Amino acid sequence: MSSAYSRQEMMAIATGREIRDGELAIFGVGLSMLAGYFAQACHAPGVRAMTEGGVYGATPVGGLPWGIECNRLAVNAVSFTSALDALGCLVASGRCDVGIIGAAQVDRFGNVNTTGIWDGPIGESYRPPKTRLTGAGGANDIACGAKRYLIMVSHEPKRFVERVTYISSPGYLDGGDARDRVGFVGGGPSAIITTLGILRPDPQTHEFQLDAYFPFSGVDEILANTGWNLQVSAGLRVVPEPTLQELAALRRVDQTGMLRR
Amino acid sequence: MSSAYSRQEMMAIATGREIRDGELAIFGVGLSMLAGYFAQACHAPGVRAMTEGGVYGATPVGGLPWGIECNRLAVNAVSFTSALDALGCLVASGRCDVGIIGAAQVDRFGNVNTTGIWDGPIGESYRPPKTRLTGAGGANDIACGAKRYLIMVSHEPKRFVERVTYISSPGYLDGGDARDRVGFVGGGPSAIITTLGILRPDPQTHEFQLDAYFPFSGVDEILANTGWNLQVSAGLRVVPEPTLQELAALRRVDQTGMLRR
Amino acid sequence: MPTKVITLAEAVRRYTWDGMQYASGAALPVGSDAIAFGRELLRQKRRDLHAVFHANTQQLNLLAAAGAVARAECGFSGLEGFGFANGLRRAIEQGRLVLEDFSNLAMALRLLGGALNWPFVPATVNIGSDLQYRRAFEPGIHPNRNKIPAVTDPFSGRQIGAFSPLRPDLAAIHVTLADSDGNAIMLGTEWSRFELSRAAKRVVLLADALVHTDCMRQYPNLVRIPGIIVEAVVYWPFAAWPQASPGMYDVDEAHMKDMNRALGSEEGAAAYVRDYVDSYADLDGYLERIGTGKRAELSNGATAFLLDPYRRWLLPHAEAQALSTGGDA
Amino acid sequence: MPTKVITLAEAVRRYTWDGMQYASGAALPVGSDAIAFGRELLRQKRRDLHAVFHANTQQLNLLAAAGAVARAECGFSGLEGFGFANGLRRAIEQGRLVLEDFSNLAMALRLLGGALNWPFVPATVNIGSDLQYRRAFEPGIHPNRNKIPAVTDPFSGRQIGAFSPLRPDLAAIHVTLADSDGNAIMLGTEWSRFELSRAAKRVVLLADALVHTDCMRQYPNLVRIPGIIVEAVVYWPFAAWPQASPGMYDVDEAHMKDMNRALGSEEGAAAYVRDYVDSYADLDGYLERIGTGKRAELSNGATAFLLDPYRRWLLPHAEAQALSTGGDA
């Protein structure tokens, strides 16, 4: 039994549980960093965490960092190098065990769009989006290079689409062996963790299926909030709710309460 | 009029005179470094000197450095970076104005061998040299990338050969436009400075010709010590002997008297 | 040795022009961005810039909002924890600015390629996605094969991609400490400032503080940008404000948010330029604009200890200012 | 956090094997070479090594002279001011060791390519010379097209070369200071230790001194090798001796010359191994072998000031030794 927790907190904890002790892991800013440092604070004290700025050995102090180079991280790092080092030598090289990225849109094959929202397909000629987003950042590099990666995204129909308008970070592309044909060193997304549950790819088709729902959600709610015909895994399960220890660890990391808003 | 000086000292001074104030210059260890730092001490105080280790702003202290990372250079450097930076970003990029390299053998087109001495041609199948030398080191990178470079070499028939057995560092290859056809960013050797005089390439054929002799040498001695049919430039001149100021500057740099042995 | 320290106004006059390829930005949106240089670009009415920013910063956000940028290339176009970059997105959405998208590693690699003067850089990222197939600078072709063309690995025979190297006309780079010859120390991640300093045709440093060269001789391994590749040094405390400079000052959270809110509209942007770009006459005026109390508060952050080893070599404000040549402040 | 500090003997036992690709060497022949690791390789009778050294050092000279190396790749094969490397050249001339020649930049680039896991690295140097056309590992082909094959730039259509990346099984890297988690500071040029630390499958550090992690948190920009990529740390003062370690000790000129002279003959090499490889039982024995007076003299060099900022964090000898796990010294 645990105390009250938010959907965002459940998502962060479920994501953190995917990270194993000792792994080389890269976290982005925001939710991704909270989930990662939660894992370190809770069950994976030996996780070898980095950010794409080449910031090593740091633990956020004074609240969630504003960015991956924020002074809240710079305050206790043991090493600062560079983007080329972190994203190149340690991630694109295939060395990094796990990364966490966010998404504005994600599709049935785990492709991610963080570039923009268009009014319909882009068409043959490129044109600016109606709503410009943040671009690929380091997420594309993580998606290409990390051994596996996790996608964290709020579960809403507009975000879960049949096909993303623009692939900013490749999942399994058209599914099947499409990803292998490009020759990426990284293995692709191993899970999409949402505010309602967890989706995992079918080993052959690489289409994402509903693998688990949260104690406060259910299959119907998830299907209603997914913009494609989501298949439900034969082994569908309910995710255990956060333990008191997990919640305490998360809230130490999320000092400024970003996930409780 | 100047006091007595050695042939090696004349060679170092003649080499140093080729370096202009403000140039970005790379020096190797030994004679090359003496010539370069002589120029800095004498007429080119603003020369931007580096070594291939990425040692910037240093002036040797306590005698000639044993190597380009010797503590005699490390003692007053303003910046240490790396080989990739010095030889890559600053030299192979085409940014460096001038480099100085040495040679065990040099040929009529300014190609340099520092790899080994074989008993005759190597033949179709590669085989180890009879006498193994130091290899290409950073000289090949300087020869490919520096805007121009200077070759310093003792003037002996065994060193001045029709064709080097092994091209460790490219001069003008087969002459003519052979160098251009490879597409090097660097311009090639601008002079061979020896213990007897100075050779410079013909602008078209790129064959090295005798451009100047030292006060203590002469055309006959130079021809007798050159293993190919050396052409004499129409503008042949005698190199002015070292001034007292030049000798004093050189000897401050050559504190341990390497050039006077 | 003559000093390379010049005023900010002189640096912009001397090294910038309309239509140039201008590189800046630094260690991600919330830190070490030479935004003071961008403010001066606006004061001198530079326009039609081709901006090369590894990642967007408040500088690019401001330049874009003010209409000074025609084309931009970057890896990340947001403001991290501060949300979307309202000035930049407005310019893109209105079609006033064409943004070419790459990833953050791609930008670092393209700068490395420029630094090494390679004709192309091997690409194992960005391939297989719309970063490869869509080219904003050449919109009519789809899928585009010119942005990140294929190249065949001669060892295995398999295909990867090729990035085009970057060689910007000028890089304005924020550093924590510089001496008068341009030797510079960065505290905090380099992000891609090392590669950028070698890739750019010219480098101007914006230093939060000047130090005696003895500091560099004590810490030569920290001097990742040596003076031999630096054109000029500008002394400009709080050069990255409202962004952070590790060891020097924290991010000014309130100003970050207010600024981004303002840049979201035409009128807001104009007001911001009036109040925070055109409003000061010189460095001291700029520092007054931030405010004495605010500067003291930001300087008192948890990373201040990072600066401790270098404090003994810091030139006092008046002495540092007196080094500047080039006329007005 | 468990310490990564282990004894030298344990490091060699755990991470090396006959026939492996072994990378070491460091900042050129006269400085920062992890030669103590090479001595231990000989003590444990490792052989048939494929040595990857950016440039030759006394370590490669010794390993080659003692017959432990079958193949080697390097950029520079001499000893700089100390002349030719007699042990290495003897092994090459006698055909006991096959040396593949590259330039110094080529080796750095090949390590960078390994670090980035690229299939090839663009080559604008080494092409057009016998470094490209002659391949010692494949001697029968001339001109050789497999060592540095041509690759076509997809932007211009012109040809350049392609280097094969290096991914050695192990890198033994000399660093000035390390903490028990493997965060490391190098004083003096990195040469290619940064790239090597990322290219190698495993990294073992040989540190002249151990420091408290607080030192790393004070100087994170100096920690160019973070512990997250380091397998083990060996505490070994004078690890580069007779070569130099800037800030720590000068080159031992007499020993450099005597050693190189000895390695020039079979008997001399055997005597050297007897006297300076097999002669000590542990670290203290090694340090005695160098001699108290000599160590004091070498430590008193003109670069000693470079170490000053870090002295307060140095672990005393006994404390540093006590951190080692893994049985005998």
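Just so it is clear, A, B, C and D label the chains in written order, and each chain counts residues from 1 on its own.
Operating definition for what follows: a contact is a pair of C-beta atoms (placed from the backbone, for glycine too) under 8 Å apart; a residue touches a chain by one contact, two chains touch by 3 or more.
Bear in mind that the values here come from a model prediction, so they are computed numbers and not experimental data.
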Q. More C-beta contacts across A-D or across B-D?
A. B-D
(Q) Roughly how far is subunit B from subunit C, centre to centre by C-alpha average, rounded to an integer in Å? (A) 40
Q | Rounded Å distance, subunit A centre to subunit B centre (Cα mean) | A | 56
Q.
Suppose each chain is reduced to the average of its Cα coordinates; what separation in Å results between subunit B and subunit D?
A. 28
(Q) Two or more other chains touching the same residue: where does that happen in subunit A? (A) 74, 80-81, 88, 92, 185
Q) Where in subunit D do residues touch two or more other chains at once? A) 116-117, 124, 158, 160, 187-188, 190, 220-221, 224, 306
Q.
So with touch defined the way it is at the top, what topology do the chains form here? Options are line, ring, star, complete, other.
A. other
Q) Where do chains touch, given as pairs? A) A-C, A-D, B-C, B-D, C-D
**Q.** subunit D contact footprint on subunit C (complex, rising order)
**A.** 116-122, 124, 149-156, 158, 160, 162, 164, 185-188, 190, 218-222, 224, 305-306, 308-309
**Q.** Residues of subunit B defined as touching subunit D within the complex
**A.** 29-30, 52-55, 61-62, 64-72, 74-75, 80-84, 87-88, 91-92, 111, 115, 122, 124-141, 143-145, 166-170, 173, 179, 182-185
(Q) Touching residues of subunit B toward subunit C in the complex: what are they? (A) 24, 45-46, 48, 50, 56-57, 74, 76-81, 85, 88-90, 92-95, 185
(Q) With touch defined as at the start, can you tell me which subunit C residues reach subunit B in the complex? (A) 1, 115-117, 179, 181, 183, 198, 213, 216-217, 220-221, 223-229
Q: Sort out for me which residues of subunit D touch subunit B in the complex.
A: 27-32, 54-56, 74-78, 80-82, 84-85, 88-89, 92-93, 95, 98-99, 101-109, 112, 124-131, 134-136, 139-140, 142, 158-160, 187-192, 194-195, 244, 246-247, 250-251, 253, 256, 301-303, 306
